[in-house]
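In what comes next, subunit A is part of two complexes: it sits with subunit B in the first one and with subunit C in the second one.
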Partner chain A sequence: MRVGRSSNKILQRKEALGLLFTAPADLILLLLLAYPFVLGIWLSFTDTIIGRSGGFVGLQNYIDLFHSEVFRLTAFNTVLYTCVAVFFKLVMGFALAIVLNRDFKGKGLVRAIVLLPWIVPTALSTIAFWWIFDSNFSCISWLLLKLQVIRSPINFLGDTINARASVIIVNIWRGIPFFTIGLMAGLQTINQTLYEAADIDGATPWVKFKSITLPLIMPLLSVITTFSIIWTFADFQLIWIMTRGGPDNATHIFGTFSFQRAIAGGHLGEGAAISAFIFPVLLISVLITSKYLKRES
Partner chain B sequence: MISRQREKVFRFYIPLGLFLIFLLFPFYWMFATTFKSDAELYNLNLNPFLIHTWSLANLKHLFTQTPFLRWLYNTFFVAITSTLISLSTSLLAAYGIQRIRFKGSSLMGIGIFFCYLVPPTILFIPLATMVFKLRLWDSLWALSLIYPTFLIPFCTWLLMGYFNSIPKELEECAMIDGASRLWIFWRVIIPLSLPGILSAGIFAFTLSWNEYLYALTFISTSLKKTVSVGLVTELVRGDVYHWGPLMAGALFGSVPVALVYSFFVEYYVAGMTGALKE
Partner chain C sequence: MFTLPNDISIRGGVSWDKKVRSVSRREFLKKSAAGLLGMGLVSVSMDSLFQWNSALASDVRPPELRLEKNSVVKVLRWSGFVKSDEEVWNANTKKWEKETGGKVVTEYLSWEDVRSKAAMEASVGAGHDIILGWYDDPHLYPDKLLDVTDIATYLGKKYGGWYPVCEMYGKLYGTDRWIALPIGSAGICINYRVSWVKEAGYDKLPSDIEGFIKCCKKLKAKGHPTGFALGHAVGDGNTWTHWWLWSFGGKAVEKDGKTIAINSKETIQALDAAKELYETMIPGVASWLDPHNNKAFLSGQISVTSNGNSIFYASMKKFPEVNKDLMTMNFPVGPVGRPSELSMISQAFIFKHSPVPNAAKHYLKFMFEEAQYGKWESETWGYITQTLQDYYNLPAWKKDPRITPYRECVKRMLWNGYAGPLGPASAAAMSEYVVVDMFADVCVGGKSPKAAALAAEKKLRKFYR
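Entry: the complex of A and B
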């Protein structure tokens, strides 16, 4: 196609102008996100430790990890943590969105309160849960002792099963608002006449949910769930504060284990290899999201 | 009529009440613990859900025996600087992508969006080596510069949505009048997208206030720590937990961000849902 000279010039100017406007953001993201991303992959193939740059060791870090029992347990924990927590966040967040999806007095206030666990720094709310789950002075234990449900205080964070359940509960607590507020916005866009028509046909609430609400909210739900899966899979602070991966590594996930090896233990190469295992989930999530984004546009 | 009332109780009030208790209890617990004396805190004969005698000892401990105010200042400094860096670069980028529509602009938009999906747990190790080489170790500026990596993608995406809602004709009129792109950006686009800028700014502020992993990794001096990191490392000594001051710190570390949020809750919700729907 032939393009006139003057319009060609405008096009060139447009390109230059566009690059100029986006340059500051691109520069920061290239230098501090894309470059470290690649550097991290490189580090995982080296035996770098803090204070000494290491040499290329090929797949040695990965081979060592596969032979490490702690790492295999960490992988299992990460999948368990993500599946259970995301499942409950989705179900409970969706349930709360449906409960709130009507007009009532103080709706704005309730919505603001519901978002609080999401707003407040996770590290700080986790400290509160840490105290709620104290082995001697837990208020839950106190209540259950008084009701004579249990005979001695619950060892929340010292027992492997209890500790896993505890960190998952805190993650659910923090993640519900994201699902609720996101889905509420989606529920509001559903045309009410659809439900009225279903009522005339005598549809039960479950049928209405299954054949109207769910299909219409599916695109939004899948994006919200994708985000939640990434964040949960790559979680760190909640577990680091409450259990540091213990007891007996029962709550170690990729994030906490790589921190322990790389920063606390100084083995940067090995730590980078551990956190590289977050990448596949990231990739799958990106593919799902991009499929949805493409369909939208 | 009565059955309808009863149905509302079971379908609405009871579930809502249970959810609110679950979501709010930790905050009540922070509050109650803050204002109890140590003697009361560790007395199992007293009902822990009530405050029997109010005490300000924990607050006194927090504000006089720990550098809590300093931590608050540090957190504030990092949150403000990283928000400003992110907002200004995102505004330019969003305008460039959404309005100049150069070759590859939509690809760049999607690329920036995907940056938001990269979690800090993948980046903190290589970033630690970079921070060290750049001599930014143990400096708050390291955080101010690195936080934008997760703030810019979000802000840009959000602002792109806002710019999209501003009619193109406004710009075209200004261009016919001979206005430059920069003038249009400054005088037309920015004033019209103030709600969007506010949403993005509040989001960025709360996200940086909440950050933990980078602050834990890159800062080692106690006086340079942020609230989240400082509290745990300074108030837990081995097996000794100062629960009273810890809860006081958690409470007062949450207040600033909760205040900002409560003033602009509508913008926050709009930003969150707007970004999701885009």
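Entry: the complex of A and C
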């Protein structure tokens, strides 16, 4: 009886009940997120090689990476890939959201089409782009050759600069719908009377955008941008399918380089150290966004 | 096809070897052939009878293997480029199931993904029993693998011995313990268009590198560029660049596995010559992954490339015009004066965690026996180059002159990471495309050979220490 009463008491306390109810979710997070994460961090401090457990080596893996030319190139590629791709996705996605938010014939159909790049599995759409950017069979090269604009096929993925540009373009193509649809949902929640009031005051479209649309959509925009940064920074399949990090490591980003070293090359410890570099950048972007959101609220 | 006595197993865990060894193989062959002919079963072609070549005369006693009760062998293997590969493999597997009462579950995986899955299974100590992996996979986790010395010794004795490079791949470095059975190599040869080579003034492609470059230059001048992958192509990129490097006497590391040897005058010579060859190539090779050269060759865009037999196989099925004009040959020999090639070697190995080690061993042994292996060779048109020397004479190699050179591939090859040992360092060096990137640096990236060799040296030093 006493046990029953005391458990009743515990259940009546809000904090305890809350903890109890969230326990299953906590457990899942702990098992599926926290454990692999901590294990990854631990591995990065060891010299583990596939099939044999390694010893603790402290920061050696990180020090080695800083001295590695390929790693420095990979870090540069990752930042370039993320910054350029996210910038264009944001600008173009936002522009598309504003256009699609207007009333026009066939609005529903166009909105559905815009979503396509996001819906199609990345592996499939990337294979299509792999063909589009093929050094010998590219349809773009074919068309330009027929139009006599170029004399030989464009070396899309075989030249370091072209290859970087190509993978970024594919990433932008795939990511625009995420911004468009997300921001469109936000645009629809803005009270139309604000625009009407601005019209009465004689505000120009630019002023309306700057003073009404942008401030009101900012919280949503920052969340979407953060997500996009996270996904772009930690991308893998797009690069792996198109270039495997080549030519000459020009398109390696942290995800692909980490996989190559840890799994294909068997050096798990170093691979984990490479992927650990993804974490601080993501943490910073999440912190900035959440700080911004708090200030907004 | 005949089934040799030592392929016969008795259901229910009884050792099969003892019961059947009373009849020698030669005797069995004679009697079976006579019996069949006597019974009028002449539908068995004479060719297939005479597939039993001299190798079979050796009367080698197979290791005794008592199959575990109700054994289920789980196999993970790569999916092949030629369709018949899986068909024959599955048929041979069914044959084993029928004869032993065991069961096999085969999972096919894209060939590049086998390594990661096998590595994961090695780490966790669970999963498949047998893996058909690549190159130095077994040397990444030798402690996790079953000793297969008995099977390797038996097969070696019975079929004329393993090629030396197979001993390097199969045995744990510095020991006589076999941890894997090199099951075959997706051999790589030069594929070229005969009519275009004739147009360039040659009867066939020269078999020395100097002549080869000259011919390629003439081909290019006639509007028929060559094409060799310089992108991160696991198979095609690694194989031809290693051949080129070794042919000039270059190597990644010395025998001690510590002294980095890539920054040498031989490497510089190789890179200089590669630049000459690159000038004969079609633009875009730096972006090429494994399928690219197949597509370019079959569509008539390039005159020369290096490849497995998949170009021949595809041309036979779908591109008759290309097939008529296709010829193959082994990689030309460079200044080093001897064949020094790399082909993609596949290794079969068994995990210690397997609950059915005997069945797994027995299954592999069965697949290596001539009745099965010969069929595999024959129906895949030489897709897999033999690792046991007697299979050099299998009739399959004479089916078409274009597949004959493929039987030389293992005989002529060195191992990845030559001249050092196989292990995590050689695996990492190849998976990071150190050699491929060194060539790409010079050919496409505009680096001087010296600078590219230095960069490669730095990368290699990271792995070999």
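Here, the second predicted complex is superposed on the first by the 265 of 297 C-alpha atoms of A that agree within 3 Å, B and C clash if a C-alpha of one lies under 4 Å from a C-alpha of the other, contacts with A are read in each partner's own complex, and residues count from 1 in each chain.
Definition applied: contacts are C-beta pairs under 8 Å (C-beta built on N, C-alpha and C of every residue); 3 or more make two chains touch, one makes a residue touch a chain.
Keep in mind that what you see is a predicted model, and the values were worked out from it rather than measured.
*Asks:* Based on the superposed arrangement, let me know which partner A:263 touches: subunit B (first), subunit C (second), both, or neither?
*Replies:* After superposition on chain A, A:263 lies in contact with both partners, subunit B and subunit C.
*Asks:* Using the touch definition from the top, say if A:156 reaches subunit B (first), subunit C (second), both or neither.
*Replies:* The second partner, subunit C, only.
*Asks:* For A:271, using the defined touch cut-off, is the partner it touches subunit B, subunit C, both, or neither? Pick first, second, both or neither.
*Replies:* First partner only.
*Asks:* Just checking: does A:83 make contact with subunit B only, subunit C only, both, or neither of them? Give me first, second, both or neither.
*Replies:* The answer is neither, since A:83 touches no partner chain.
*Asks:* For subunit A, which side has the bigger count of touched residues, subunit B or subunit C?
*Replies:* B
*Asks:* Give one of first, second, both or neither to describe whether A:194 is in contact with subunit B, with subunit C, with both, or with none.
*Replies:* Neither partner.
*Asks:* Once the shared chain is lined up, is A:137 touching subunit B (first), subunit C (second), both, or neither of them?
*Replies:* Both: A:137 reaches subunit B and subunit C.
*Asks:* Check whether A:282 is in contact with subunit B, with subunit C, with both or with neither, and answer first, second, both or neither.
*Replies:* first
*Asks:* Taking the stated contact definition, name every residue in subunit A that is touched by subunit B in one complex and by subunit C in the other, in rising order.
*Replies:* The overlap between the subunit B and subunit C interfaces on subunit A comprises residues 134, 137, 263.
*Asks:* Spell out the part of subunit C that touches subunit A in their complex, as residue ranges.
*Replies:* Of all residues in subunit C, those touching subunit A are 115-116, 119, 122-123, 140-144, 230-234, 282-289, 292, 295-296, 299, 301, 424, 427-428, 431-433, 437, 440-441, 444-445, 455, 458-459, 462-463.
*Asks:* Write out the stretch or stretches of subunit A touching subunit C in their complex.
*Replies:* Listed in rising order, the residues are 49-52, 64, 68-70, 133-137, 152-153, 155-160, 163, 243-249, 260-261, 263-267.
*Asks:* Within their complex, state which residues of subunit B touch subunit A.
*Replies:* Its residues touching subunit A are 11-12, 15-16, 19-20, 22-27, 29-30, 33, 41-42, 44, 48-49, 85, 88-90, 92-93, 95-97, 100-103, 105, 108, 110, 112-115, 117-130, 145-146, 148-149, 152-153, 156, 181, 206, 209-210, 212-213, 216-217, 227-229, 231-232, 241, 243, 246-247, 249-250, 253-254, 257-258, 261-262, 265, 268-269, 272-273, 276-277.
*Asks:* Can you list the subunit A residues touching subunit B in their complex?
*Replies:* By the definition above, subunit A touches subunit B via 14-15, 17-22, 24-26, 28-29, 32-37, 39-40, 43, 48, 92, 95-96, 99-100, 102, 104, 108, 110-117, 119-125, 127-129, 131-132, 134, 137, 139, 142-143, 173, 176-178, 181-182, 184-186, 220, 223-224, 227, 230-231, 233-237, 240-241, 254-255, 258-259, 262-263, 268, 271-272, 275-276, 278-279, 282, 285-286, 289-290, 293.
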